[in-house]
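Both complexes below contain chain A, partnered by chain B and then by chain C.
Coming up: the complex of A and B.
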């Protein structure tokens, strides 16, 4: 399937491609391939320094009682055990899930719809697609500030627009019940374009032959969509959903700028709580334990979604 | 996917007047759908522009003023007058510029090496960095920079931004070098060129479009990064996103300068997105790349 090749089939391709072009060059294909590792060494060193080292160090700190400016002592699993009884942490976990589910489902639906639109040819399509992807490319802090101004209860343009169409004013990010849906609205605005681009790539890769034979067999538009387009497109939608899920539960900039986790702790997700523990309360050891748990959650979620993706392909 | 074009002309029935009307309706509905999906994106940026060009009196007027009566650039002047914004702009240019150049120097050969040696397991590091929350690098690196006495300089920012730029460059370049036909380099190798020469004089020139995509995307995601700057910069070393955030916290209702500052920060990215839109789309679709 075309989607396999373009999106994540790199490792798969390496295993299935039988003729290694290096072989018929000199016969020493394996050796030839190894020589290329020199090209990778500088990047590997940097990656080890800025990615792998921090990881190991984080795990090390997470089993210590470690505060900035104080001596640290080994405490074993105490930080992890403390997390289990930390109600603020557990609440932030649930909030992250709530935020995450909304911020995956809505962009996937809207993004798929937009992709179908942008797949058609129409005047100014390239330019309009450029405008459409501006939200995801723009500096998150900058757009978050503009949204903050639009959410202002008295002077904000959004409540004015609501009043024009006869709707009551909303409290947006200033009430605990509405803050997360409002933040998700901004997140949807920002990241629907990425879903659109991935699904658009899928639409472009659709083969034309099945449609021709289906048409000859007298299939209706709906039948063609249900039995040809949808199954072929589903892997792309799943890839978009996986990427969206990973990004949604990592969301930081928008929440930090627009609501700072408030009002109270009403929009405090794991990432915000983690930030506060590390850089406001300076509980480095405890924050490191949160990092480890958070990362394991993301890995587990990614694997679960990849497993679901496999399932959908067999259908 | 225009299948109807492929149906033989014989099968096409001439349009009746009713069908012509339905076609127009369908066109209008489609145009409306395009308008609905594009306008939220466009309107927010137009509102940002409008806020930045109005006086503060117009900005807090109710009902809101959409198009300024007398557009003014005072807000932009105010941003540079009230804070060392030029300094912060320079900081951003230094941090992002260095991080992108360094990433290209080490990431392009790495992408080549991984593609040629088919060492795809090495690319897993890139994937892990893609799913890791940006904050989690910050705690250990913050401690490390304190020990090394580097706080107060831009060096920690440059180093940390490599977390964003290197994976993007490596990921895009693997895909790009994989798609290049290997015959030219093989011919050069048979003629006695070294691996480095084959890379430098044959693969690299062919890979220029890929390098442009990698450079543009890593530039944008490094430029936009906020979280690293919040933790790692002080008054002197702020990058633009951090500087803009600080405008908000101290002058709550000065919307004009705030919008102007936000626009200054994001304008390079917006222009770049529109200008090299095709390349960006290609790069993003290939890997679902996103920094931080």
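Coming up: the complex of A and C.
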């Protein structure tokens, strides 16, 4: 009985201890809840201010004809519908995908290959690994400026090197047909080391037992790579691919500094186009609609890659 | 035992005394100039009425910002005010200023503005103080400010359609042709006197095997439009009239585009479609281009012995006459006062100083650009302090006489440059001038109509 009273908190003086304890429990629970609130609210406020509010405001702007310096008016889905008929936007979308695919696939292949090499023991391995990851540490804008000088068709060192080996000069980022592959080349140079580091970490974490069994069964090096290393490494490669995909799709600094989206619009990706709309033409409403669409695309792509990662999971 | 840290050098008595002596020395050296400036700029005018005030000035990054920052101390000594001045790259400066004006409160009191891009927008927003009342007020304006000394063209360029004067002309940029005298002499050629001669010279001087381009010009989207309009003015036509009539796909525009295409595609350097002024400059200073059409502000790097291989070999040519007219495309910057500042008076003193005869003279002498004041040209020519060749000054004086705005005075200048810039880049890579211009005109027309409606 006393226990029951204690639980419902209506005990007399004789049962004060348990009842008080019960009171403490429920009161303490409330106090704890208040304490949680004190800790949670600031984080919630910050999240609302820096994530939720900007997003809602971007969506709000995207349904308005909004130009800096002028009055704005509600236009509903007009900006989104205009995007469907905007040839330049659609081309920039395709260019973004083209750039993204190249800037993910090439570093992933080269990064995996170099990780396998650097996983082996050989003289100066540590030193060479350090040299290999140097580009990753450089500031993208500085990297872009250095490469811009090297790409100069008349004065750049790259064309000089080509001439030394008897090859004709190239236009690099100065011709529409070569600009994206050339930009990807810089991206590959800078970010292959990141893939290499991730895959190298994966290689170090692989269990040794399957290899021992395979050796006992007489498997060759290639067979061990094909049937053990590769499947076990796939989750790590997928992680690297997800990181690279997000980075490549939202690439801006490199393209803006080196080619500004040119020649013409040959390297104008969605990011460059929306930057122009927002900060050169001041079409904030239209640029916001591009941002929303772009965000949805990135989310879809990331979900797809996460799904693929789940499929390759073994740990 | 407590060890005392050695005193910082900065705080040592010796360094304080040395700094004090240096400052006193500088003050002694600057005193005559300040006295001369004060006397020259208005005798009894009270330059120190705002002593102790602080001003914030926002410049677009470039030679004028460098010049005014270099001599800032003189203004501070003259007025007893302190100045915080920043220089921000052009594109970022435009964004920052626009956003601040829209916020209704600017961080700067004085700001520079590109007349060829921002004039209409600023005029519409009435974001800057109308300077006319300040100029008329003898208590606020030094007697020697001498407004009529600014050329009529410069003042017209700075004045809004409704008569407001938002800025004073700070710098005028004229398009000219830099030409390599050595390469011309080797082929026995003279500086071209017409557009066909220009084309002939480019053809004759183009030598891809030697890595020399006959003609250098901007091919990069947006940047390239001013080259085309510079040629278009030679047909006596503006791209867009004040009544918004577009001449961008007419016969003159197509002819100008054909000339642009021939010069860049046939006689330009490889990859010219991605060239902005900096790539052109790099090629020209290394002798890899026979001619280069661009603004007048590049004399200093071309004549810099540490960076240029064409020092003393550069010719500065006034734009040759076109089939119907001879014009040099004009662009310009002005300096004005933020409409939201509470320091209108101090800011006006800065604007007067920044556009004074002394500063204008130094602007030419140091090769910082072309001021709006007419007296500065003769004064700089006679001073014997010119850092750039006299031919550069003569070219500038020749260009002033034939200057005409190189871009239309519309709200959507940037979109105009973007859309027609793409068309021109397509020409460099082999597009058809008539169809490219027609497409660009059709694309831009609704944007123009919509923007000018309000």
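The rule is short, and it goes like this: the second predicted complex is superposed on the first by the 258 of 315 C-alpha atoms of A that agree within 3 Å, B and C clash if a C-alpha of one lies under 4 Å from a C-alpha of the other, contacts with A are read in each partner's own complex, and residues count from 1 in each chain.
Keep in mind that, in the parts below, a residue touches a chain if its C-beta (ideal position, glycine included) is under 8 Å from a C-beta of that chain, and two chains touch if they have at least 3 such contacts.
Values in this document were obtained by computation on a predicted structure and should not be read as measured data.
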Chain B versus chain C as contact partner of A:264, first or second or both or neither: second
Which superposed partner A:250 touches (first chain B, second chain C, both, neither): first
Partner contacting more residues of chain A (chain B vs chain C): B
Partner chain(s) touched by A:120 [first = chain B, second = chain C, both, neither]: first
First, second, both or neither for A:61, with chain B first and chain C second: first
First (chain B), second (chain C), both or neither touched by A:298: first
Touched partner set for A:279, first chain B, second chain C, both or neither: both
Touching partner for A:222 - first (chain B), second (chain C), both, neither: neither
Contacts of A:307 with chain B and chain C, given as first, second, both or neither: neither
First, second, both or neither for A:155, with chain B first and chain C second: both
Shared chain A contacts, counted only where both chain B and chain C touch the same residue: 68, 154-155, 279
Chain B-facing residues of chain A, complex: 6-7, 10-11, 14, 20-21, 25, 33-40, 42-44, 46-47, 50-55, 57-58, 61, 68, 110, 113-114, 117, 119-122, 126-135, 137-143, 145-150, 154-155, 157, 160, 189, 193-194, 197-198, 200-201, 203, 206, 208, 211-212, 215, 239-240, 243, 246-247, 250, 252-253, 256-257, 271, 274-275, 278-279, 284, 287-288, 291, 294-295, 298-299, 302
Interfacial residue positions of chain A with respect to chain C in the complex: 68-70, 152-155, 169, 171-176, 179, 259-265, 276, 279-282
List of chain B residues in touch with chain A within their complex: 1-3, 6-7, 30-31, 33-34, 37-38, 40-42, 44-45, 47-48, 51, 60, 62-64, 105-107, 109-110, 112-114, 116-123, 125, 128-144, 159-160, 162-163, 166-167, 170, 174-175, 178, 182, 186, 189-190, 195, 199, 220, 223-224, 226-227, 230-231, 240-242, 244-245, 248, 255, 258-259, 262-263, 265-266, 269-270, 272-274, 277-278, 280-281, 284-286, 288, 290, 292
Contacting residues of chain C [partner chain A, same complex]: 91, 95, 98-99, 101-102, 121, 124-125, 211, 213, 219-222, 269-275, 279, 282-283, 286, 288, 412, 414-415, 418, 422, 425-426, 428-429, 454
